[in-house]
Amino acid sequence: MDLATIIGLVAGLTTIVVVLVMDGGSPAELFAHPSSILLIIGGSLSATIITSPLKVVLKLPQFIMQAFTTNKFDPKATIELLTNLADKARREGLLALEEDSKKIKDKFLQKGIMMIVDGVEPEQVTAILETTVEQMRARHKQGIGFFAAAGGFAPTFGIIGTVMGLISVLKQLDNPSALGESIAAAFLATLWGLLLSNMIYLPVSGKLKVKSEDEARNRYMQLEGIISIQAGENPRVIRDKLNAFLAPGDIKAAGEPAKAGVGKKAPAGNAQKAKA
Amino acid sequence: MDLATIIGLVAGLTTIVVVLVMDGGSPAELFAHPSSILLIIGGSLSATIITSPLKVVLKLPQFIMQAFTTNKFDPKATIELLTNLADKARREGLLALEEDSKKIKDKFLQKGIMMIVDGVEPEQVTAILETTVEQMRARHKQGIGFFAAAGGFAPTFGIIGTVMGLISVLKQLDNPSALGESIAAAFLATLWGLLLSNMIYLPVSGKLKVKSEDEARNRYMQLEGIISIQAGENPRVIRDKLNAFLAPGDIKAAGEPAKAGVGKKAPAGNAQKAKA
Amino acid sequence: MDLATIIGLVAGLTTIVVVLVMDGGSPAELFAHPSSILLIIGGSLSATIITSPLKVVLKLPQFIMQAFTTNKFDPKATIELLTNLADKARREGLLALEEDSKKIKDKFLQKGIMMIVDGVEPEQVTAILETTVEQMRARHKQGIGFFAAAGGFAPTFGIIGTVMGLISVLKQLDNPSALGESIAAAFLATLWGLLLSNMIYLPVSGKLKVKSEDEARNRYMQLEGIISIQAGENPRVIRDKLNAFLAPGDIKAAGEPAKAGVGKKAPAGNAQKAKA
Amino acid sequence: MDLATIIGLVAGLTTIVVVLVMDGGSPAELFAHPSSILLIIGGSLSATIITSPLKVVLKLPQFIMQAFTTNKFDPKATIELLTNLADKARREGLLALEEDSKKIKDKFLQKGIMMIVDGVEPEQVTAILETTVEQMRARHKQGIGFFAAAGGFAPTFGIIGTVMGLISVLKQLDNPSALGESIAAAFLATLWGLLLSNMIYLPVSGKLKVKSEDEARNRYMQLEGIISIQAGENPRVIRDKLNAFLAPGDIKAAGEPAKAGVGKKAPAGNAQKAKA
Amino acid sequence: MDLATIIGLVAGLTTIVVVLVMDGGSPAELFAHPSSILLIIGGSLSATIITSPLKVVLKLPQFIMQAFTTNKFDPKATIELLTNLADKARREGLLALEEDSKKIKDKFLQKGIMMIVDGVEPEQVTAILETTVEQMRARHKQGIGFFAAAGGFAPTFGIIGTVMGLISVLKQLDNPSALGESIAAAFLATLWGLLLSNMIYLPVSGKLKVKSEDEARNRYMQLEGIISIQAGENPRVIRDKLNAFLAPGDIKAAGEPAKAGVGKKAPAGNAQKAKA
């Protein structure tokens, strides 16, 4: 469960209910005019569906689920794993990673390690993994865009609803006693358009975007590690490289060796220095 | 037929009619003031036509058609085809693709394969195909831009119509009984501007954009495949590369060989590994 | 004459006049309050002039002319010309183009051909021609920006005019009979701000942008051709390269030889293949 | 303490209080309707929290602190330090910097110098330091985005509050004496939404952005220096390179030698010229 | 003096005064409610100061000066100078430019020529000069951003002022005779917010941006010339390269030799052709 989504949603709805009660009303008033709600939801979704490919519309439940669940990435464990693989590859050769690759659960990481075991050339590995990440982002962007578009359409349909309401009010000015009530009902459409857009559509779009960026960052970190292992780089340097993706507070103490085996790699580091 | 466009349009219009009826009105009221409708459609199209090259204005029916039809791309079949061609090219040489190229129906793909058969240099092939895709996108952008501009102008002309209506109302304040009706008529212009923009112009612009991006992605996938075939890359690696353009769920099982012939290519894969 | 600009402008003005007459008014009413018109035009132009360099302000008549005239580019003729030059250069050497270059009317193309005749190095030719195009775009952007800025300022000055009008109305509430008329006059300013922005400023800015992009595309096509001729590329490949800038419908049939002379170049194509 | 933040905040609040008193009111009136304030703060924060990852929400106090404190960078001292290190490295070799690196307080700079002492290859050093800076910027962007999003949501929740208020007013039109007071209370929500957004959220977002850009510029200057030291460049040229990051007024007089030791480096400069 | 800034400002203020008088009012009315003016100026500057680094706030008078003065660049003279230097460098070597460099008044150009005389490597010269220009642009962007931000805040504080005014009006509905006057006073705040933003803040921001781009273009032209001189390129080609930065009308006739000395360089041009 993504706690921020839940907390924000509960806090937001509570705020609105509390404010309504403080002002001497009741939440039921929001639902007093169902045609407004129908117009906002129907209108904003219809317009967005025209804008979208059918494939995206069918995946909507999936996108909503994503906004409510947390990404499963553990960058520190990934760095540990990649440094160990780098260490092993340097000692026993890339082919020695075949067994390990089968145990990796992350499909993307597994695919990458299997390709370097198979001897696919570095440019190809980079091209394949980069295309995978970029196409993933392109697919995520469709979901993000769906909710952003719906969030843009909803307030407009709110105004459409209010204008429609005011037009019908203006035609019946002969009954002044019901005038206030009718205008109030017309304004309900604006209220729903703004609420739906600002409490649901736009925040969900924002959350999906944040998650997509988070996943892309993790994927690029894995990609960097895979390519570095293939190039036979020093495991200590690889660890440094991958740690650069983390916030300073999340990095393990610099003095602490990645693994006992890495200590023995220091001469290799010197060899590399000589080469540089 | 593009189902999402149809569904969205039907759902949107139904919503509006249902809401009007629920509120005790009738759809006919929307058409009570034809000068408003004329102003919105005439004004938004006029302004957009000034903005556009004549060539784009003449292609408008074509652009609208596109929003209602589905793209004909089948990426999986294309990957199958390109992998088979790669396989054949590796066994029998690039010239052997001459016969196959004549059978390809996709003009872009055919052009690409014919160029590598003709021995055009890889940089030239890439340059020609990339220019073709980018110019196609530039042409698509004109259509997308037309509807986006119209979608931007329509609500403004709605407001222009309402302001024009209010001005004429304010000049005849001596007839208060008709006041409500006149103001209602003035607001109809705003309503039409918002509806036209949000149910037609902007969604059509969005759909054209999604289709253009989809086509560009497919073209770049084909380009990648053509260049890889010319470079004599391993068909298995080419398949991996092209699969990276698909969603994970759309990729065929990894274990499954691309073709019987590819199994024999494994030694080539090893040869390549040795070279790497 | 740029037909789209004329058609759009005439259609737009006609629409407004027709709508005014349909609603029982007359176009003369738009001019009933000259101070509003002065404020919108004076205000929007003053603000934009502060924003702009003096040089751009002095070139305004030129920019307006451009929006009303068509670009003179004929890409198909240019491709024909460049392919012929490429053919000649391959047969008789780059120096043989000296005579031809003197006959070219397009200054940019002529300059490019003269440089390759003079033996300027390819990187320099590219740098000089690219800088020329990019600086041209930068100059165009100033004109585009002028009208876009004016289009942004005009509705705001419309609102300023309306607010100024309402303030003076509110101070004279003691004469209710003239109230409607005065408020109507105040709203005229908003109307003029919106009309000027949406019928003149923004569409002209958009048209200038489309023209600038069209010219840049043609220039880059010429640049590509010039560089390819200098590199001694196959005329058939050059034709393919330049055709990639055109819409599919605008390209001459693929089977048709560029020139009788090109047929003889086929062996060269094979030679190139061998080299590749 | 960041003086500009403090000055701006105090000046802004003072202005509002003074204006309220000048108009014959009192600041207390702003707090007359607590439910409005609750709605704006609760609504804008709830919506923003849904948009954000939990990690960012928990770091909010930290982000706010940053807007009130000054960045600790002293570019001139850094240039002095890097030029001295370059000088020493050229005389005694990169290994001689080991002692100095331990004394550097800036973690980023220290890490960089330690890597070049350890003989990590230049591409790796650049990659690691660049990733560190870019990931830092990505983290900063989350905080910047939080306040920008809150600043976007706040006025909308202000309008939501006003619409909610107007709806409840319109339902009780039978008590005209309290009408003005009630509408005034409804408008308070708009006022709070605008004030919160324009005095707190947006300015804090802007300040965090300026600080992030400032830090990134300093980091890239350090990166440039580290790489140049590793490449064994002339200390005088390094000083010129780093000075290019400063405003002209902040650069030390050109004639003044970086250090006594640099004067002796002139021959090296000539050697380099010979090589060029 | 920057004429466009002066003309625009005078024309804008004249327009407003004339319109006020035409509508039967007087400019003094704009100043009838000083608290509005205080709120707009105080509020917009306070919010912008929070957004900005203190350094930028202190340089404000300098930024305003810049909007009123003209840039001192004379591109044609610079091209003349650089072509002459190129000519001399080719005849007598780069060291011969030492004397000339001391006479150059433009600090940036002088720095560049001195570096190539000193034998700094081309990549370093490019890096140092590019960093100088980019950091200059970054500093300019802070001033541009200050006025753009103030231009964004001012209308909002105008609305804040109007809402504050309306709230206090609504609380005193018991005095209907003063109602119009009070509402008018409330609207004055909106008027001032719009005027300040659209006549001062935004145009000044726009003018500073235009000047920054103009300076950057001139700097890049100088940079191009300096690097070309160092590379020992043909002065005629250098002149062509730099002319590409000018509008076609500003370039000296192509046939006219840059200098008598350049005519003798023609053989060098041929030598280069042979090399190409």
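Details
Per-chain residue numbering starts at 1, and chain names A, B, C, D and E are given in the order in which the chains are listed.
Going forward, a residue touches a chain if its C-beta (ideal position, glycine included) is under 8 Å from a C-beta of that chain, and two chains touch if they have at least 3 such contacts.
These numbers come from a predicted model, not from an experiment.
Between the contact lists of subunit A and subunit E, the overlap consists of D.
Centre-to-centre, using mean CA coordinates, subunit B is 40 Å away from subunit E. Separation between the centroids of subunit A and subunit D, computed from CA atoms only, is 24 Å. Within subunit A, not a single residue touches two or more of the remaining chains. All chains join into a single ring; listed from subunit A onward through subunit B, they run A, B, C, E, D. Contact residues of subunit E toward subunit D in the complex are 34-36, 38-39, 42-43, 45-54, 57, 107, 115, 118-122, 124, 127-129, 131-132, 135, 138-139, 142, 149, 153, 156-157, 159-161, 163-173.
Contacts from subunit D toward subunit E in the complex involve residues 2-5, 7-9, 11-12, 14-16, 18-20, 22-25, 29, 179-181, 183-184, 187-188, 190-191, 194-195, 197-199, 202-204, 206-207, 210-211, 213-214, 217, 224, 233-234, 237, 240-241, 244-248, 269-270, 272-276.
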